[in-house]
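You will see two complexes here that share subunit A, one where it goes with subunit B and one where it goes with subunit C.
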Partner chain A sequence: MVKLSHRMSRSATEPVLAVKDLSVILSREGRPSRVIDNISFDMFPCEIVALVGESGSGKTSIGLALQGLLPREYLPRVAGSIRLAGTELVGAGGRTWRSARRHLVRAIPQDPMGALNPTMTIRHQMRESNGGSERSIKDWLARTGLADPDRIADALPHRLSGGQRQRVLIAMAMMARPKLLIADEPTTALDVTIQAQILDLLRDLTREQQTAILFVTHDLSVAASLADRVLVLYAGRIVEMGRIQDVARNAAHPYSAGLLAARFDLDSDRRRPLPTLPGERAPLINVASACSYAPRCPIAQPDCMAIRPPLEAASAHGGAVACLHQEQTPLLSTQRADAKPWPAVAVQETAALRLSNVRKTYPTGTRSFWGRRQSQPVLRSVNLTIKPGECVALVGESGAGKSTLLRIAAGLEAPESGTVTRFDKLGPQVVFQDPVATLTPWLTIGEQIGERLRGVSLDSEYGRRRVGEAIKLVGLDPVLMDALPAEISVGQCQRAVLARAVIVPPSLLLCDEPISAMDVSLAATTLNLLSDLRRQLDMAMLFVTHDLAAARIIADRIAVLKDGELVEVADPDAIIAAPQSAYTRSLIAAMPSLPAGGGR
Partner chain B sequence: MLAYLTKSIVGAVVVLLMMSFIVFGLQSMIPADPARAVAGPNAPPETVEAMRKQLGLDDPAFVQYGRFLSRLAHGDLGTSVRTRQPVSDDIRQYLPATLELGLASIALGAALALVMAVLQFLVPGSGGIRLAMVGVGSTPIFLSALLLSYFFWFRLGWLPGSGRLGYRDFAGPTGLNLLDGILVGRPDVSLDALLHMILPALALALPIGIAVGRSLNGALHEVMSQPYVRTARGKGLSETKVLLRHGLRNAATAPLSMLGLQVRLLFGNLLIVERVFGWPGLGLYTVQAFASADLPAVLGVAIVFGILYILVNTLIEIGQSIADPRISL
Partner chain C sequence: MTGRPGQDTPARPRFNWRDFFRRAGWLESIGIVGVPVVTVLAVLAPWITPFDPQLRVAGAYLPPSAGHWFGTDEIGRDLFSRIILGVRYTWLSGLAVIGFTLIVGSLVGLISGLMGGKVDLVVERIVDLFIVLPSTLIALAFVAAVGPGLVNTMIALAIFWWPWYARISHDEIRRLKARPHVEAARMAGVRGPRLLLRYLLPGVVPALLIGASLDLANVIMTLSLMSFLGLGLPAPAPELGAMTSRTLDSLTVHWWLPILPAAIIFFLCLLANLAGDGIRAALRGA
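After this line comes the complex of A and B, so read on.
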């Protein structure tokens, strides 16, 4: 492997973590697959290394392998070597692993909502951590920026917000003074403004504690705002590694270059489709003698299918790359054909949906002694009109009332007061956040799409033709009509959900955070597909998101919701160029971005 | 909390009214004739008629029901046709034995459930436990009770097979012999009571343990794959600690509901098991009441069991809200 030593001081220091020829094989339903394929890397004290890749690239498995917490039901087989602070962990017994988890390696999870025991107070959970004395509990909670450590310590997790829970988890991990901290997408489930604070906190703590952080993410811009080095992972192999600025500026592997091109931010071109990575993630190729990216690679040559490219010095930067044709990669950005601009949307001056003075309160969980539930306003007098053919993005943080507004627009909930007018007999269709969860596991894709054709049998020639058309419209292979949801990828499930929504085109499509759980390339693909569908089928759309960049790309107007009130409704570029409210300004300021000059 | 308790009490009254109505309706539907039963099989028809009048059985149904309800409100459950004593006195006499056996079965059943569910998690290759559970679970209670009695009493002679105490004249303050022995300083009585209790309590506890154990095992499987369990493992806790501290409490809600259901089935099983082991409790009393069409007695026991069931349900719900503080009552 290639040694990277861009800091002089490092040559004197021992690595905290030395991973050598690590392979992991997991068996799912009796089929073994090599999720990590022969990877080697070192980490040094104080260093932040980003591990970047799409979902399914094996990046989470690396994090789990380093803690010895690979799911037992998948019968993990681990080969190679993991040396953590001098201790060899591959093949070590339960006692060694437990001691390593107690003293050396800690993790911050992706979803802070589920990662704390719901029936135990924070104090009890922190006490279990190494070094969890009463004083240090209070100290650490305060150090992570929690204003009222005593109250937080005695609270149960469900009383805390997502940001507070993530701070608690960081405190719990850092109080053990680990040598290595694994942060698995620690900010994806959080609001943008909180994201930035959490990243700052992590950066400060590592400097103070001499902890190395392995920062697992699919988002290169988040990685760039934090990390020193980056490892780009594809199908369980490291395809590129180097200093983050180098890789962001001069990606040497076509995959890294594709990831960079697919990311979108507040400056992306919104007049035409976003660039995306070609194809879906291919199933892991278990042949040792091929480049696993070759099937998707735009510059693949015949030899890419015959030789596994070794990780060798990159010519574009001081790092390393596993590509036989790395000199071709820079050509990719110039080759990238400019897509045709979107046709203009014919917005009519009527209304597809009108909400007037909509209010809603929810009961809170707490009851008074007399048993009366307290209630809390979620929406306070919202007025919003969506014109036929128009797309309005509803932006706000969690708890702002976005989802409630969408459910009221869909007719799934009644407003407490105010009126909802829909100018079409056909009800609106809703696309939810998790496409896999919204498909019934035991019905085929075709059956679920065809269900919306009332009275039409799927066995009939007409029924199959209609379903086939809808499937083609969303860019799915018609062969998948007879597949079950578990047999297809997340991206394909998302397309199936959209096909179900548009087989009888609604005049209004409601999307609830449809891309927030997706990696960059899949998110861009979904945004393109939605933009295309609404134009082809002339649908109005309400797009709920916490991501201002996505809102700007898809919408004709952006509505900003804060604490149940619309604080701003305007043209996307106008809102970003000249935000009228302080809240919108803080949203924009919190957007992560690549360092200047990077990416494009 | 106050609102919850009020709601529980109102619910209990409604359920009791419905129950009294149903049992009362049954009384007028079944062909057995209490007047004939009291008068005896050889009594002349005039005597039977006189008895019918005396018992008020020739009044219209709603009058009988009204009379019955007003007596009920005064704690009067009528007079047993068979024992010729007030049913409330009979119940007072037999209830402690049943309470003692019932509580012991519930405790033993819950303990069995806990041990089986936890062992399946901590001991690898515990498929044998599962198989044994299926075997025991598919045995009907009258058979398992007979088998226990046959082997441990008749064949091996290890444990007493009938009655609840070897001392004839012992009477303690609470009527619960196990407790009374300790209270009055007679540990020998407590030990004897315990030995008498083992076989019937085990027969009753097996179905409880299996149902609750399976429910607990399923809930544990779900809980142990939750992210917060990974957090706990990530702190370097041992698997036993993770299971006991983080797993059990979070898995408690569903098995507690199952325990509530099993207590209801327990009331039915008590009739069989008390009969098999000659346990002088409400179950045996009810079986004998059936035999002589003693409707006041059956009705009285039904109402007592109804009250107990509502009480158990309330306790279970309170237990659930303690296990999971997010449930507010």
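After this line comes the complex of A and C, so read on.
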């Protein structure tokens, strides 16, 4: 383990957490795989450390390993050492772990609803978890910024909003005054404006309570707005660590540099494709003696496949990096030849979709025996026209009615009043949020993509050829035609879903939050692919998202939806430069971003 | 997307017997193998009995021995051969009841689940009605009324068994219909029978299979109970339940006569339950 200069200033304090040579092997379907590979790091009181990596990098497993909660069905084998506040936890018995989980390490989950017992009041659950007095429960709820702690304490979880639930969980965790708090993507399930508030709250509470936070995230900009230090994880190894400003400005590992470049925000160039990480994670044969990033690395040399790079002092900043050719990394940003700008879209002045005065209400609450349910308006008189070839992004928070509007446009639901006019015989196609869930698990990719050809021709030879073409069009290997969805990665599933949508190009493509569950690089890749396809195939597009930055990059116009009403429809750059409504301003203000000068 | 740890390498979901048995567990695997084996034995029963089960082949009341494994009964018939034939009646009629109710019940459930609306509402209330009736009691009354006999017993059972499968398939269809992949298939233009057969049915089958395999033991138990109470085949037929009840009074003298048929009923139920547990464990993982 390298001694790092910025730690010297803290040498007076003992680390609260010391992880040394930690390895975790999980067995799935009888095949062992090393999800955490020999990592070491320290954490000090009051410190916020971000653990950044893409899906499958092992970041969730580290969080679970520190709580002794690795899933038992995967037969976890843990080696190395975890010392938490002086207690060795690797190999410790159930009693030690239980005590550690109660007093030393607490966690805030990604999904606040799943972490609360739906049948117990908040007060009851807080008492279970901490045994605190009535006063301290109220006190802690108030401290997390909940306006009416008495009401909240007596409520059942389903009566609270997502943000309130996450605050309750933070109160519950911090009430135990833990030495270490593990926050695994605590804000991904929340709206942007709430996200910023939760991050602020976490920062204030740790300073006050001297708690260290391990903040697990795939989003470097969220990490940067909160953390002091960052650990970049790739394939279970730490590839770079250092102060967050250092890494964000002068990334020393090609992977960190790639992650930073793939990140997009309100200032990214929207006239050309976004930079992305090359390829997807590929398994290595001689992984023990090679750099695991080598197959994807743009600056890989022959020795990268022969030597496992040690974590050593970085030349670019005060941290450490595991790269044999770290001096080459800065060249990456200059090397990245500017991609060709997107061709201009020929938007016609007719309409591909016209929604006029669309209204929709949903029944809510309990129903009396004979009575009718009360109804809650979701959409109040929405008017929106999408021209052929144009992309309109629909932005708003959860509950604003975005998805309902998309489902009405798709014809999956009928509006209560108002009219939906589509100007093409061929119906619109929909790309749903979770690509894996929208593929039928027992049918091959090719069978599902070919389903849309049945309206055109039943000839199977012709069908296979067309499916092959569509698969190539979205950048997949035609070999995958015969694969089942579970055999391919999330990114490949997303491409297969797109291939099904465009094999017979619709004049209107509807996308429902297609990137909200993806990590940065995959999101950028998907945005590029969508931008490319809609131009090639001349499709109009409705892109529903809660992410203003993504909306700005893909769309020709942005429509902001709040409480079922369109509050603003305008050109993306105009809307961000001069938002007309207070709501749009709050959305823009809440966007997390890297410290000035970072990333580019 | 963070989620379950270690999920970066997708598992190969292609069917593989080794994985299937590993997930089921070794004891349960015995059940899964045992059910088809017993079925084959039951079908072949008339040809594999060591002695003619209907004829006197030795002295009466011989205890179990190397020549007659399960001993002989009151008129010198070989008990082992009679039990093999009894297994045939009980096991095959159990399978028939399950098979018949499975088809009828799941068809009703599938249709009402697919159609939804008023039809669904009415069918579901009828299903509810059948489920809340005290089934065993009414089945007994039914057989007593129309007269004892194997076919009558099976009909009585079937009347009260199909609603459970209707309920399972209905709920599964409703659940699947709202899933994104079915919605996506509908947007891709898949309709009618094709949607049902390719996109919905394969998702319903595992739940029905689990339900049916766990029910087999139940049906065998109920059939044996009816035959124990004298509502099955008439006297000379070797039914396991009836054999137990007819010889119960000689329990202290000729213990093998009531005990061994009862033990075989127990063994069949155990096998069926193990198979059900195993199939559930194996399919729920997949």
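Worth a mention:
Everything below uses one rule, namely that the second predicted complex is superposed on the first by the 578 of 600 C-alpha atoms of A that agree within 3 Å, B and C clash if a C-alpha of one lies under 4 Å from a C-alpha of the other, contacts with A are read in each partner's own complex, and residues count from 1 in each chain.
Throughout what follows, a residue touches a chain if its C-beta (ideal position, glycine included) is under 8 Å from a C-beta of that chain, and two chains touch if they have at least 3 such contacts.
Please read all numbers here as calculations on a predicted model, not as lab measurements.
Applying the stated clash criterion after superposition on subunit A shows that subunit B and subunit C collide. Contacts of A:Val216 after superposition on the shared chain: subunit C is touched, whereas subunit B is not.
Looking at the shared chain after the overlay, A:Met120 reaches subunit B, while subunit C stays out of its contact range. With both structures placed on the common chain, the touch criterion links A:Gln67 to subunit B but leaves subunit C unconnected. Within the superposed three-chain model, A:Leu379 lies out of touch with both subunit B and subunit C [touch as defined at top].
In the overlay built on the shared chain, the residue A:Leu412 is in contact with subunit C alone; subunit B does not reach it. More residues of subunit A lie in touch with C than with the remaining chain of the pair subunit B and subunit C. Residue contacts after overlaying the shared chain place A:Leu498 against neither subunit B nor subunit C.
Judged by the touch definition given at the top, the superposed model places A:Arg102 against subunit B, while subunit C stays out of reach.
When the shared chain is aligned, no partner comes close enough to touch A:Leu561: not subunit B, not subunit C. In the superposed three-chain arrangement, subunit C is struck by just one stretch of subunit B from 41-49, 59-67 or 131-139, namely 131-139. Judged by the document's definition of touching, subunit A residues 71 lie at the interface with subunit B and also at the interface with subunit C. Interface residues of subunit A facing subunit B in the complex, by the touch rule stated above, are 67, 69, 71, 94, 98-103, 106-107, 109, 111, 114-120, 125, 128-130, 156, 158, 169, 172, 176, 365-367, 369-372.
Interface residues of subunit A, counted against subunit C in their complex, comprise 26, 28-30, 33, 35, 55-61, 64, 70-71, 74, 110, 184-185, 216, 218, 281, 283, 410, 412, 427, 429-430, 432-434, 437-443, 448, 451-452, 454-455, 484, 486-490, 497, 500, 517-519.
Chain contact summary for the complex, subunit C toward subunit A: residues 1-14, 19, 22, 179-185, 187-190, 198-199, 202-203. Residues 1-4, 6-7, 225-228, 230-239, 245-246, 249-250, 323-326, 328-329 of subunit B are the ones touching subunit A in the complex.
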